[in-house]
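In the two complexes that follow, subunit A is the common piece, with subunit B as its partner first and subunit C second.
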Partner chain A sequence: MFQNSGLSLDQAPPISVVLRFFLGGSLWGVVAGLWLMLHGEEALDPAAPAALILTHLLTLGVMLSFMLGALFQMLPVLAGVSFRQPTLMAIRTQWPLYFGIVALIEAFSTAQKALYLLALLFLGAGLLPVASRMLARLYHLRNHSPSSRGMGFALYNLLLLFFVGAWLALLVGGWVSRGDLLALRQLHLGLGLFGWIGLLIVSVSFQVIEMFYVTPPYPKFWARRLPLGITGLLTLELVAALNFPSLLPWIESLVLLLLLIHGLLTLRRLSQRQRPLADATVWFWRTGMVSLVLAALLIVTGHLMPLPRPFQDLSYVLYASFALSVVFAMAYKIVPFLTWFHLNAQGYFTAPMMHEVIHPRYAMRHLAIHLTTLFTAIVAAFITPELWRVTGVLLALEFSWIALAIYKAWHLYLHVQATEERFDFGGMEAK
Partner chain B sequence: MKRHFLDARKLEHPEPLERSIAILRELDEGAYLYMLHRKEPHPLLALAREHRLNYLSRQRGEEWHILITPNREIDLEPLLSSPPEKHTDR
Partner chain C sequence: MQISNYMTHEHRACDTVFAEAEKAAAAGDWAEAEKKFLEFANETLRHFKKEEEELFPAFEAKTGSSEGPTQVMRFEHEQVRGLVGKMADAIEKQDRDAYLSLAESMMILLQQHNMKEEQMLYAMCDRVLPPEEKSGLVDKMEKVEL
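Let's look at the complex of A and B:
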């Protein structure tokens, strides 16, 4: 019954498109962990280049990689948006992006102006074509789900984020003089952390929480209006950054309150699952949402009154924990599923089952490392700053852990393709 | 036609797909899969299209009714009208 026509499955991209981004993101995570290990407490000081570098390793290297991989996979499935030659498109996105990250790190380290321009060129070449193409396709979509609408708004915020980042780089380099550096920096942070990372996770959650974990859906009004609400507020923040910088903390606090409510709604839904047992991905989602709620509370409090340094550090740690926990939850769902599904759809019925691609115990062990990393970071923030270096080691370990899982899944996929026989569906006849 | 019924409404992703593919592998021309799902299962339908299976997907109320068979001659619409009564051990 299955025929040897290969897997086009309408529009789904080849598995390598997704896995290359996930693997790349994991390796940047290892670099981020090693950076924190080498620089310790300094990497948490917002005024230090080491902190700028750590932030961009995590946001550009890790998060952008995983999120682009997820978008390549989810846009065809959720919105029917697919691209011709997705592999070529992925390669043309990934390599300039990674060269751009290296150039940006060098620019932050050496403060050489030319390197900022080089970083902008590479990052723009990697990011702008893919983000604008995805956004254009979503813009012309007739029937939107809350997820596809949210992804569109998140991509819009990503483009704004890039242009504000470019403006900042030109301002720092002395090529332009207009603009308040601090206000633009705050706007850049808001667009990146809340408008891009936060909103994309929110958009994904609209679809996957209900689908993966059989929970009640999010309230319709919430799912339809939240992406617009967050993006509207961030656009207002853009206007405020140029004209009324004193309003920035207030606007950002409203965005954070929306994210906080979404975190609570998601936790509520996860508690309404019909299955009593929870696998590692459920716990990663729970960790992420608890981290989001606490981080939002801390950041909003920080906008109302000065926070002591340990609490500031804790807010960074918790927001990172929110984003990374969800990334791990998604990766442990997507990678085994794609490996198994692509092979089955191609007719490799002797292909390994999903739990054989990545065993649930392997994911649970990662969860243990992840929670240990989080705990160590909290202790480092409040008691022993020396533990930041240990946190770095643990961060590198957990990204190595997931990199190994992704590599093994990819290797297994290629091995089955190379060695196993395809079968005809109806009669189970070997071809 | 022998019906293989799969109630996937309360199964967590990707169990519905895993189980339905297991059933499809064993179907012959005289049998069909009848699945109930809370969402329209796009990957399964794409897979059915890819492998030129005869399939039907209809929403009734909150549920999706999915019928798939290797038999390309049969009209699945009349089978849809009879709601599944028995559950097989899937």
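Let's look at the complex of A and C:
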């Protein structure tokens, strides 16, 4: 009955499924940092291929990897949605995606038409099966929480984003002629930054803020309606992009106002938390939410009047800080927990505790590097453009920092499995 | 939603006492930490007993399955019981680091367990059990003692 109705309370997927995506995402983050180091200010100029490449390294490379790892882990818990062969599915998703990213970067730098097609083929092969299956399973779920509903909408927006991206590629390549390039580009950006990444983080926060930090819940109406509200507005944006491009900034501003309010609500909840310790993850969430609020204000202002270049750059930096801060906040909870959880469930009584997997001080040091990166980027935007290269170095450093933590956790996990004594639960344990 | 409401309310109450114990341990107030932790442990274990002795058997009788979700929930209860023991040890030794580290695992373990119950199991119970049986169940669970 449970399998047929899509409700399965099976244990989590193997730890390698999650860690492979997290590690992959971190390594793409290192590449993004190095890219910024090599290209400096040019990587912030929206008209330059270098900026397109940096954006896609951070979104497809980092965000998509972390999202997939987290969804493989969270969907069974949140929604009883799990897959029969998660490891195989993870591999079949990850490799085509990563080849696709390389092809896309090559396509952006060389403008060779065939490379766009190759990138589309690989990205589609990696993304479409997993995203559509996750979405289909979520669609058939009977009891939705705000989180599972929001993730469903975020996945829907991701698929839409892919198709608009494909359309753009075909338009640039001259294979199709319908559609206004600038409007479609704006739509692609809106869907990606707000409909997918923004909404995904909103959905995660609905569950995680209350759960990890013991805070009052979000207002019910807000939690139930926000995902649909954002997605509805972005769907309107799709129609506007095709017929009334001048409406795009107005619709996008409404989406941003919703995200801004959510940022403020989250900050309020974090200050009302019952758990006393402000560990690095609390500060990562706070950094992320303050960044979101300021980024939204700047982008909306930019829709009303032309923003000077430093403020434009600042809006990109802040929006990236919003997304990356939350990624780090999540990773520093999930990685040590899963390491302990799987070993403990397999019957290793000497399973390392969470602080032994990643010590809170290690995460705090990452926070310091992260804030320094943010500060350097702000100085680069307003005072010394040369500092963009230093920002790149720091970005690469912080992703190396987290990659090392994930690698060590994985290594520790395998080491305990290989050397410690195990109690047999009689076949009930997690895989 | 009778079962969902009743059981979810208990989850939240346990969270609050848990946070109070953690706060005391972080501040080094071990007497208060012990008091609150005991309260948390008793409430949690009593909640598990209500599920294992009343709610799960009723659900299993209705669905004819004792190897599905309830078995996984029982297994996770065992994991929580193991951690309760280790946390009690840390309180006895007044080992702040160990307590806070274990508290972190306990919190996530409990929350993901609660989520599964609240999102799926309780909702299923509310769906498959007839209203009069649900009222009777809540009355019986109220009377469960440790």
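To be clear about the criterion, the second predicted complex is superposed on the first by the 411 of 431 C-alpha atoms of A that agree within 3 Å, B and C clash if a C-alpha of one lies under 4 Å from a C-alpha of the other, contacts with A are read in each partner's own complex, and residues count from 1 in each chain.
One rule holds for everything that comes next: contacts are C-beta pairs under 8 Å (C-beta built on N, C-alpha and C of every residue); 3 or more make two chains touch, one makes a residue touch a chain.
All values reported here derive from a predicted model rather than from experimental measurement.
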Subunit B versus subunit C as contact partner of A:Asn143, first or second or both or neither: second
Partner chain(s) touched by A:Glu356 [first = subunit B, second = subunit C, both, neither]: second
A:Gln312 touches, of subunit B and subunit C: first, second, both or neither? neither
Partner chain in contact with A:Pro276 - subunit B first, subunit C second, else both or neither: second
If touched residues of subunit A are counted for subunit B and for subunit C, the larger one: C
Which of subunit B and subunit C A:Met211 touches, first, second, both or neither: both
Subunit B versus subunit C as contact partner of A:Ala79, first or second or both or neither: second
Which of subunit B and subunit C A:Ser253 touches, first, second, both or neither: neither
Shared subunit A contacts, counted only where both subunit B and subunit C touch the same residue: 1-2, 7, 9-10, 77, 211-212, 214, 274-275, 333, 337, 340-341, 344-345, 353-354, 425, 428
Touch list for subunit A against partner subunit C, complex: 1-2, 7, 9-11, 77-80, 142-143, 145, 148, 207, 211-212, 214, 274-277, 333, 336-337, 340-341, 344-345, 353-356, 425, 428-429
Subunit A-touching residues of subunit C, taken from the complex the two chains share: 15-16, 18-20, 22-23, 26-27, 63, 65, 68-69, 71-73, 75, 79, 82, 97-98, 100-102, 104-105, 107-109, 111-112, 115-116, 119-121, 123-124
Subunit A residues touching subunit B - in the complex, by the definition given at the top: 1-3, 5, 7-10, 12, 77, 211-214, 274-275, 333, 337, 340-341, 344-345, 349, 353-354, 425-426, 428
Interface residues, subunit B side, partner subunit A - complex: 10-14, 17-18, 21, 24-25, 27-29, 38-39, 42-43, 46-47, 49-53, 70
